[in-house]
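Going by the order they are written in, the chains are A, B, C, D and E; count residues from 1 in each one.
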Amino acid sequence: MTETLRSEKSGLPPGTLVHIGEEFGKATLVTIIDYNQEQFQETVVNNIEDTFPFRDTQTVSWINIDGLHDVAAIEKIGNHFGLHPLIQEDIVNTQQRPKTEDFGDYIFIILRMLSYDEPLGAVKNEQVSLILGKNFVLSFQEDVGDVWDNLRDRIRKNKGQVRKEGADYLAYSLMDAIVDNYFIILEKAGEDIEGIEEKLLLAPTRATLPAIYGLKREMLVLRKGVWPLREVVNALGHGENPLVKASTKIYLRDIYDHTIQVIDTIENYRDMISTLVDVYLSSVSNRLNEIMKVLTILSSIFIPLTFIVGVYGMNFQHMPELKMTWTYPALLAFMLVVALMMVGYFKRKKWF
Amino acid sequence: MTETLRSEKSGLPPGTLVHIGEEFGKATLVTIIDYNQEQFQETVVNNIEDTFPFRDTQTVSWINIDGLHDVAAIEKIGNHFGLHPLIQEDIVNTQQRPKTEDFGDYIFIILRMLSYDEPLGAVKNEQVSLILGKNFVLSFQEDVGDVWDNLRDRIRKNKGQVRKEGADYLAYSLMDAIVDNYFIILEKAGEDIEGIEEKLLLAPTRATLPAIYGLKREMLVLRKGVWPLREVVNALGHGENPLVKASTKIYLRDIYDHTIQVIDTIENYRDMISTLVDVYLSSVSNRLNEIMKVLTILSSIFIPLTFIVGVYGMNFQHMPELKMTWTYPALLAFMLVVALMMVGYFKRKKWF
Amino acid sequence: MTETLRSEKSGLPPGTLVHIGEEFGKATLVTIIDYNQEQFQETVVNNIEDTFPFRDTQTVSWINIDGLHDVAAIEKIGNHFGLHPLIQEDIVNTQQRPKTEDFGDYIFIILRMLSYDEPLGAVKNEQVSLILGKNFVLSFQEDVGDVWDNLRDRIRKNKGQVRKEGADYLAYSLMDAIVDNYFIILEKAGEDIEGIEEKLLLAPTRATLPAIYGLKREMLVLRKGVWPLREVVNALGHGENPLVKASTKIYLRDIYDHTIQVIDTIENYRDMISTLVDVYLSSVSNRLNEIMKVLTILSSIFIPLTFIVGVYGMNFQHMPELKMTWTYPALLAFMLVVALMMVGYFKRKKWF
Amino acid sequence: MTETLRSEKSGLPPGTLVHIGEEFGKATLVTIIDYNQEQFQETVVNNIEDTFPFRDTQTVSWINIDGLHDVAAIEKIGNHFGLHPLIQEDIVNTQQRPKTEDFGDYIFIILRMLSYDEPLGAVKNEQVSLILGKNFVLSFQEDVGDVWDNLRDRIRKNKGQVRKEGADYLAYSLMDAIVDNYFIILEKAGEDIEGIEEKLLLAPTRATLPAIYGLKREMLVLRKGVWPLREVVNALGHGENPLVKASTKIYLRDIYDHTIQVIDTIENYRDMISTLVDVYLSSVSNRLNEIMKVLTILSSIFIPLTFIVGVYGMNFQHMPELKMTWTYPALLAFMLVVALMMVGYFKRKKWF
Amino acid sequence: MTETLRSEKSGLPPGTLVHIGEEFGKATLVTIIDYNQEQFQETVVNNIEDTFPFRDTQTVSWINIDGLHDVAAIEKIGNHFGLHPLIQEDIVNTQQRPKTEDFGDYIFIILRMLSYDEPLGAVKNEQVSLILGKNFVLSFQEDVGDVWDNLRDRIRKNKGQVRKEGADYLAYSLMDAIVDNYFIILEKAGEDIEGIEEKLLLAPTRATLPAIYGLKREMLVLRKGVWPLREVVNALGHGENPLVKASTKIYLRDIYDHTIQVIDTIENYRDMISTLVDVYLSSVSNRLNEIMKVLTILSSIFIPLTFIVGVYGMNFQHMPELKMTWTYPALLAFMLVVALMMVGYFKRKKWF
């Protein structure tokens, strides 16, 4: 798995296709789902050229491309479907923020598909580009594996609205599935926050701060991916392009609401995380206080006593106390009293 | 009481009704209050179908549904009253933020009903959905029990304006009661802040920080529920839909003012709470200082003295001082002077 | 002095007059000042009904009501002067934020009158409601005593513009006096900040933080009262209602400038206060450092020496040093050298 | 040098001229510079009335008044040049924020003239009011001495554009000189920040925090004076008043750019200063750590050893070790090993 | 390398050309690249006058000037190409923020060219001014060396679009190369952040904070240079000047996206850096805790023991324990038990 950095592209002419991002080491996979209310067809194509006829069918065609490192293939399909060179460039440069652009005969949408990668224990952040044209939707992903399996199933089994509607509803459904998945990430993060919180109040360790710090970064990633989505969905829902029908716009408003909800939750989480840092720091301070208390209590009791016994360890010849029989037990008793007074003083100060 | 998470809905087709939130384990309860200036009728219906005739009466009908887990019932009533599938979905998904949508022949409003749950010692945060139609208002709540008992009483006894006005005034009254209740929550929070403040200045304990932290979260919840309300009330008060009469809009402006007032107070509380954290941290530091002072004073007095007595505890054969009679009392006196000088030094430094 | 909380009103029908706020235990006091350029008349009325004729005089009538707990009187005068029930409600609910509403034949204005209460040592925060009508101004205050004595004097003695102008100029003058008084509060706060600052750098005590905290809260109160005023004055200065003449609008712009100035100063003070907290915390840390230095210097000098004298306090039979004559003074000299080296080390480290 | 506070004006009728601010104890100084492309004349006038004829000359007249405490003179000239009473009030109240007002036949501009007062070591913050009329500019300053000497020179010697242009260009030149001077203040502040930064990393002292705090306040003053300037210059540059010619507006855009640049720098400085506080606090913490390390190292080495020698200082009759010849040197060697192990432990922990 | 400060220009008439910034000590270098789709010509000119004929050629002429201290040359070329004096002033004053101004027959653009200077280990921040006219582009840089070598190559070898398009596309390409380079700076900063982060969690040193502080300043510089760029690109992309063709505007939108992406990343980095400061401070606190633990553990074990041995070091004649045979080993055993209990206590408290 190698990663191409953004900087390696610097200086190339605009419109040059360079794949920027991780290369997942698999061949590009192209699948086509073509349907209308009556018929349904699902194919895996080997040649990128096999997708070309689907541009002009009357049925809705969803062409999904997994893997972006084969820029030649992207360029071919891009040129056939009439995509502007800059759009092709955006598709393979996987560090885009969500955006949409309306080119009249097609609408270009970039989204971030976030999914929790169980084995990795981290959030996987993939770029998804959608092209909504007349009767077709192109979707480009960085890697095989996505959040659309339920949707595919609904198309296959003709459940829900999707087979009755056009390409715009398909594009909406793709976006909806992506936004729906954000809630899963957020619930996971919410659990993590609660877990850390509990630990913090019981027994914070050195590992707690890096964990908080990790959550903070995760929220930054999420936020970067979701904030601009708001504008994107808004632009789509209020655009004038006839490719998006009025009935679909109501559904886009629904995504808009979800996006706002996600943003709200992210901001709240960020707020709570920064409180966690405060709590952590104060727990460290409290710990220091406790350590100091132990030291101070023990020192305060024994340092004066050690002085006293030191006095009677001196070798002066003329120390009359040393010769009396009762002075030793009396001194022991006196020291006990001193020690108890100290303990009493600390008790009163509520030190233990 | 089981809770359905938002994530469990992920992947389902839009418009699928899935109840998201806690299930309070009670049957759905449907009550109808039907009135105009002259007549009044209050019924608990057993069959959701019994509510259907009230859609078309000339009297104002308030149909209140407690409990959202019976999605089939919600769907039935929703379909009969002509609600868009997405609206039905929003009603049963109880994690919505306040919003309003105007569908022409009805207006959809989502609010958060906050109430202080005395036995639980926590704020109960319920979702309320209102449908304002021509001559009817539907209200959907998560659980039995609400803040509208006073309003019901006013309708029953024909007190105030409500029996003289239409469905829009009823919807306003429902919203007004909800917003009014926010002040109770805020006053409770204000008292909590003052309580913590007092404790902080007298005797902060380990439990203080979690308490502050809890207040902070409560404010986040409140804020999340109230901020968007501002836009909602504004949209209703300036909308063009004839369902809301001009005379009612004046009342909506009043709710708007209250909402702003609530937001103002929340922001002030948040500000004060973050100050409390500072005060807490500084009180922890002060405590450490005090502990260190005790240790330092005691150590500073006794460590030099212990050294001195150690000197005369040495076993050198040629220590002339040891043989003189007056050296022992003189040393004791000298040590007293040293100790007093130390005490004087700390007094001058205002350490005690 | 009893206080009615906002929550006690919750659930009552809108437009119900309930006095919310402190009750100052005095009877409601109604005074009327009626004037034009030629004539002047000042009366204290006993019956609220005595104010009624002044609604329709051609002279400018200023009817001032002190005390809001007698809601029946407020209702009577409100109804006679044609005030909307919600306005009457706002007048007696003394927790409003500044706002203005234009009802066509009268303009309603709410302000906060802040004054420094010398004996109490705190800022008194009263609500003032103004009704500007054709040829009359109603002013409602919570308590006897206000910032308008100079203005009354100017009217009595026909100084300045006020007798030459109409009711709008009177309303402006009332607002101007209130805003002018904010500067007094701010100057007082500025002195407090400087006082704390000086103390902080010289000798911070435990009482310093609560004092800073108190200032912070005072600023929050001020801010809450002044921020919305900006919009209020702006709305009045740019309104279309002929009750406010163009010549008076120039004066309103002047108040607007003053308001901005007050807001600016508040924000600066807030900034400075939060710096004070930092300075306080760092002074606490510095103090800890100083305490630790004393402890460390003393311990570092005497702990090694105590060890040395301990060595020669051992009772081994074969310690040749103990028998030599010069070893005791040599050891004393050696210990002096060790002590001086320690002192030199700390001097070089600039510890004292 | 006495200062009149804003509060002393409270209660006076609007439009009353009261000088608010410091009184610099000098007589009011009035100078007139009158010029066109061909001729030039510079006069110091003794009577304020001597300025009156310049209102109507065809040449450009710059009337500069130094000192605002003589309110009678200000009133005379104000009335002759037709200034609104509120404008006259603003001129003598020296606590205004920058603003501009367009009265049709003249434009009123308030600016803050900031200059670094070398002997005082502080920023001098003077209010400057400009009146731009047809063929004349009035400028009012608090004190003698300003930033316009270069400009005067350019007028005298007919350098640059100024003699070729009208009064609007003169007003622009006055503003430009003031804004130019902000850069000097900023460069001085930039040096101060760098100086403190260096000190912080080398040897922070108790005086460092007050110095940082002073810089912070200076930035607040600057910010208060410059932020509103942006709107002022923008309003002038986009105003419709023919007193400002289109060609001058290009120059005003230039001042606008400079203002933005100043604001940018101020915000960056504020950011850097708040970082300095963090660095200072952390350096205080580091110092504490260092002190504690010294204490801990010394204590850790000698406390166990002191215990060991204490053991052999006990007076038990049956301690066989005491009688053997080799035990004393063996014990000394053992203690050396213990001490070296301790030192090794701390070395490995990188404590020194 | 001498630097001229902004303050030295203060007081000069507007439009006076003074070079503000570092002088790199090299002669001004002027190069011309002139091309259309068929022909290409590249020249280094010695006389600034040699550039004059290129103003009116039909081919696209890119005149690049390196070095701004020769203000006479700048003035000559500026006057010949018809640049407003204020523009000429802006070109040589190298402390401008990005901006654009449309003068009808030419468009003026200021950008910051940031490049990582490997030997210096710092970001080099140069000002670049572009003049886009009909068929020509002037570019002014502070120093020799830029980020346009790839672009020059593309023009020479006729790669990409640039030879097929006009001067506006050339200007776009220049801007694009500059913005592309920001990503390199950001990637470098990202690596630095990760490096510091790793160090922080392993072994923070005194040098870590200055390093964090340096990154923070670097971000401030970047931010200052990039934030205003957003408006600049937006203004160009939506301007009405026919000098920028519609097809080029699509490319400008692309730069706009990149700029937003850069700003996003900067803001995220700033957020992460401020977290780093928290982590650093907490690691300092943790270190203190660890030091205190060592001290406390050792002191707590040995201080009581030292007291005990001190007791039996006393010289009382009547201490029966001293005479018994078994007391010495018993005492040693007892002290061992005490020590082990202490260790057990600390183990249970998880102190080590």
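By our rule, contacts are C-beta pairs under 8 Å (C-beta built on N, C-alpha and C of every residue); 3 or more make two chains touch, one makes a residue touch a chain.
All values derive from a computational prediction rather than experimental measurement.
Any chain that touches chain B and also touches chain D is listed here: C. Chain centres here are Cα means. That of chain C falls 43 Å from that of chain E.
Each chain gets one centre point, the mean of its Cα atoms, and the points for chain A and chain B are 26 Å apart.
For chain A, residues that reach two or more other chains under the stated contact definition are 281, 285, 288, 292, 295, 299, 303, 306, 310, 313-315, 319. Taken as a graph of touching chains, this assembly forms a single closed ring in which every chain touches exactly two others.
Order of chains round the ring, counted from chain A and going first to chain E: A, E, D, C, B. Residues of chain C that touch chain B in their complex: 5-7, 9-16, 84, 86, 89-90, 95-97, 99, 101, 203, 206, 209-210, 213, 216-217, 220, 224, 228, 277, 280-281, 284-285, 287-288, 291-292, 294-295, 298-299, 302-303, 305-306, 309-310, 312-315, 319, 321-325, 327-328, 331-332. Across the interface of their complex, chain E is touched by residues 147, 149-151, 154, 159-162, 172-173, 176-177, 180-181, 183-184, 187, 201, 250-251, 253-254, 257, 260-261, 264, 268, 271-272, 275, 278-279, 281-282, 285-286, 288-289, 292-293, 295-296, 299-300, 303-304, 306-307, 310-311, 313-319, 350-351 of chain D.
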